[in-house]
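Next up, some structures in structure tokens.
Shared chain: chain A. Partners: chain B in the first complex, chain C in the second.
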Partner chain A sequence: MRTALVGLLAAVAVAGLAGVQLLVGSTLDAGTALAALAGRADALTTAIVLDLRAPRVLIGLAAGACLGVAGAVLQGVLRNPMAAPEVTGVGSGAMLGSVVATVVGGDVASPAGTAAVALAGGTLGGAALWALAARSGGDPMRLVVLGVLVSAVLGGTTLVLLTARPQLTGSMTRWLVGSLNGRGWEHWAALWPALAVSLVAGLLLAGVLGLLSVDDDHARALGLAVSRWRSVVLLVAVVATAASVAAAGLLAFVGLLAPHAARAVAGSDHRVLLPLAALTGAGTVAAADVAAQLLTAAVPGDAGRIGVPAGAVTAVFGAAVLIGIVRRRSRATVEGTG
Partner chain B sequence: MTTPLRADGVRVRFGTRTVLDRVDLAVAPGEWLALVGRNGCGKTTLLRVLAGLHRPDAGRALLDGRPVLDLPRRQVARGLAVLPQALPAVGALTVRRLVAQGRYAVRGPLGMLGGGVDDAVETALDDCGVRRFGDAPVDRLSGGERQRVRLALALAQDAPVLLLDEPTTFLDVRHQLEVLDLVRRLAAERSLTVVSVLHDLAHAARCADRVVALREGRVHADGPPAEVIDERLLREVFGVVGRVHADRSGGRLGVSYDEPAAPP
Partner chain C sequence: MTTGSPGTSRTRPPVVLLTGVLAVATLVVAALSLGTPLVAPQRLPAVLVAGDGLDHVVVTQLRAPRLVLGVLAGAALGVAGLLLSESLRNPLAVPELLGVSSGAAAAVTITVVFGLAVPYAPLLPALAGAALGAVLTVVAVRGALGPSAVLLVGAGVGAALQAVLLAAAALSESTDQGVLVRYLLGSLTGTTWTTVATVLPGLVVGGTAAVLALPALAVLRLGTEAASVLGVPAARARVAVLAVACVLTAAVVGVCGPVAWVGFLAPQLAARLAPGAGLPGRALRTAGLGALVVVAADLAARTVLYPVELPVGGLTAVVAVGLGAVLLGRRGTA
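Let's turn to the complex of A and B:
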């Protein structure tokens, strides 16, 4: 009951944020934007609302939802509350893939092509982490350390590519920071199917995830072919991450914090947790983009022209929230043992 | 009748140490077989090999005549249920949802979409007397309650063979007896075959139809408790000087431990 209520409130909040994004901006006032939505505005105004703002809003929501799903799945299957796309090598692999696609150019650099190469990169990152982690058992702490190392290697490779093609650096930093600037319907077309597939697959696999999130031996004893199903479940997280990164770059901390917040309400039932994490992720990115646009409007000069990336907001805000969580946790631990 | 479970020349090494050395064992349908022996004698490893959770270096385990490692995991879990020594941390999972995970073998991945709670789960909760904690988080329960929840989880699998690894660890004497009596009653009601690792010979004497004593990775003694459990076994297998006596009614064996035996 409480979960349903929170879910409803979250949905309303996300819808509200999306409405704000759609109607409020520097070029048009809300009334004009509404008129455009109703089909009672000139061609330019309609184009601004329907072809610039609308895809940006939808891509932000879907990219955030993908990260929420990916984080929730990773935290469950790796049995680690600190697991997230950006600390498992999956996110930086997808980032490397996106940059490779841009460097190759041509059809490969199209939104769908970028998503495909990002998928390959994300799979590579996840597989590298798993290969390293399998040798050292499933120890959560070690997994995080290995994930950071894999991410560092892939991130470093990305930077090498960026410096090798200085003329593309400007357009490619988006993958590193995460931004919704300049995203259109063609990016949306490559993103929503991945969100639909990963969310549905995640829900269908909720029972499997429940077993995997307890313990390998436990799951095996209850009849689960553990390594096969773990690969399937990890693939769901990779698909969601890759699509999100290919569309909007690596939006930091969304995939870590959205599932955290959802888990606080939904507990460990993945049938509830996954949709709620998707909703929380969508809301986080929408809010971050609103903040980014406000900052853009407030900052004079070049920043105003280029646009503050939403990923910069999630990075700063996410780090602050994470520090808060860690402080509260360590205090709880001290009190718990005292 | 066929043998539901057997070990065929099972050999397991951990590094240079041989834990099981060509162990042959055939479990008869409907019996309660107790594996006893010192710490590190290979009891738990043998149980894990029988359950298909550990791949032996040589030999194999057979479930209904077929190599357990060749069978799909779900089919194995429909044939046997395992109660490991300790329950892993299950977080905030409620009793009912944990027990419902036992239905995976029967229902499959898509069958778990509704959560898996069905009549078999409720029956298992009832049979183990934990239905009234159904909606409580598992980590709030006491040790004895938790042990009964784990038993319910194993029963929810509806498998004809039950493998128990030290089902009485961490329990006080009263709860030890309660759990063992519960297993014995349910095994009779559901015609289960039980293989259990037991530390306490008195427990083995009380519950088991057959005692298999392992020593240094081999079967040292095998037979009904009254024939197998004696002072020599205490000395040779457990390294203690003690006494074994029939109680006054003659039905049960009593075991008392006096002191560690001098090393041979």
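Let's turn to the complex of A and C:
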């Protein structure tokens, strides 16, 4: 009951934020935007609202939702509250993949092609961490530290690629922290199917995920082929991350923030947790984009500048959340063992 | 390099030493002669003493200062990494994972992209940023226990500060993406003797302080309890060592960006090459190896894809993290 209420409130909040994004902006006032939505405005105004703002809003929501699902899956299956796309090599691998696709150009650089290469990159990044972590034992903190190192290598490679192609350096900000600038309907077309697939697959696998998130031995005792199912479930997280990164860059720490907020309400039932994490992720990105645009408007400057990327806002808040979790977790560990 | 340090001849066979000296000489000659225009090694002496000519200008005004800055930056970052990792007794405690580098980089980026006139720029803003990053990490770490927790908190602070850097660049009207590359990763592009002169004061101060801090560091690496038994207040000594590392990092980052992860690789390499060396020997080797890594990486950065220059920090990030992690793994399992 309480969960349903919170879910409803979250949905209303997300819808409200999306409405603000759609109606308020530097070029049009809310009334004109509303008229454009109702089809009672001139062609230019309609184009601004329907072809510039609407896809931006939808992509932000879907990218955030994807990251929420990915984070919730990763945290469950790795049994690690600090797991998130950006600290497991999955996010930075997908980022490298996206940039590789852009460098290759042609059909590969189409939104769907970028997402496919990002998927390959995310899989490789995650596999790299998995290979490293297998030798280091099961300490969750150590896994995340290794993940930070893997991300540093992949991020460095990404930056080298971006500078090797000077014409790409303009999009540097998007890839590095995630931004919704310059996204259109073609990106949306490549993003929503991935969100639908990963959300549905996540819900279908919720039972398996629940078993895996407790303990391998119990899962095995119940007849689950643990390592095979773990790979399948991890793939869901990689698909969701890759689609999100290919569309909007790596919106930093949304995949950490959103599942935590959702878990605080929904507990660990993944059938409730996954949709709620998707909703929180969408809301986080929408709120961050509104905040980023307000921040940009507050600092005087030329209209042609890039403006604060939404990912910078999520990075600062997400980092604070990460620090909070680490502190709590480290004390719990030491008290538990000592 | 390591030629003059005591203990070398005892611990390493002369062949290895000779190889090292040869490698350094080759690298110096390569750094001066490779590129466009190519100056053949046998012509270097003549070109160096010639009063004019394109080759002379390129070698003495572009390549030589770049080589010197690479040496200084690598040495300083290596020593900063050694100070941090030894005083916190954690091989991963490096400027990149404690918010120090990204704090300095964010502060300098803000002054550069908004064209703010700050006295003693870029050293002063870099120092302020490095100190801010370190203080944020220290404050945020309070209550967290264990080495991994400290690094994750530092990584979080670093990520947030890097986001501030990117946001500031995106907010300004600056279209110079070179600034972004430099302060995100580190780059030696466009170095002149003026650049070297800018970095020197901070390095002289930081270097001297590092030498003075070595005795305190020697006690700190024994652990807090041993330090207090020996009459050294561990907390105060650690803050002092941390401050010296901040000065060294800030001096480099302010001019050429973080030159990522050199402070991780150099101390690991030094530990690997001379496991039994004392702290002064270790510091000397770390400085030398840091310089070697940066000069070699920069040589690759400016020649591999000529005329496109890659950021040296991108190469060091990839090589240093990869190699450093392997060395660390070896040492851990050995």
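As a convention for this text, the second predicted complex is superposed on the first by the 312 of 338 C-alpha atoms of A that agree within 3 Å, B and C clash if a C-alpha of one lies under 4 Å from a C-alpha of the other, contacts with A are read in each partner's own complex, and residues count from 1 in each chain.
Convention: contacts are C-beta pairs under 8 Å (C-beta built on N, C-alpha and C of every residue); 3 or more make two chains touch, one makes a residue touch a chain.
Note that the coordinates shown come from a computational prediction; the quantities given were computed from them, not determined experimentally.
After overlaying the two complexes on the shared chain, residue contacts for A:159 are found with chain C alone; chain B is out of touch. Set side by side, chain B and chain C differ in how many residues of chain A they touch, and the one touching more is C.
Once the two complexes are laid over each other on the shared chain, residue contacts for A:223 go to chain B alone; chain C is not touched. In the superposed model, A:141 lies in contact with chain C only, and not with chain B. Of the two partner chains, chain C is the only one touched by A:172; chain B is not. When the two complexes are superposed on chain A, none of the residues of chain A touches both chain B and chain C.
The residues of chain A lying in touch with chain C in their complex are 82, 86, 132, 135, 139, 141-142, 144-146, 148-149, 152-153, 155-157, 159-160, 163-166, 169-170, 172-173, 176-177, 252-253, 292, 295-296, 299, 301-302, 304-309, 311-313, 315-316, 318-320, 322-323, 326-327, 329-331, 333-334. Per the touch definition, chain A reaches chain B in the complex via residues 203-208, 210-211, 214-215, 217-218, 220-226, 229, 267-269, 271. Partner chain A is touched in their complex by these residues of chain B: 51, 53, 72-78, 81-82, 84, 87-93, 97, 101-102, 104-105, 109-113, 115-116, 157.
Interface residues of chain C facing chain A in the complex, by the touch rule stated above, are 92, 96-97, 140-141, 143-146, 148-149, 151-153, 155-157, 159-160, 162-164, 166-167, 169-173, 177, 180-181, 184-185, 260-261, 305, 308-311, 313-318, 321-322, 325, 329.
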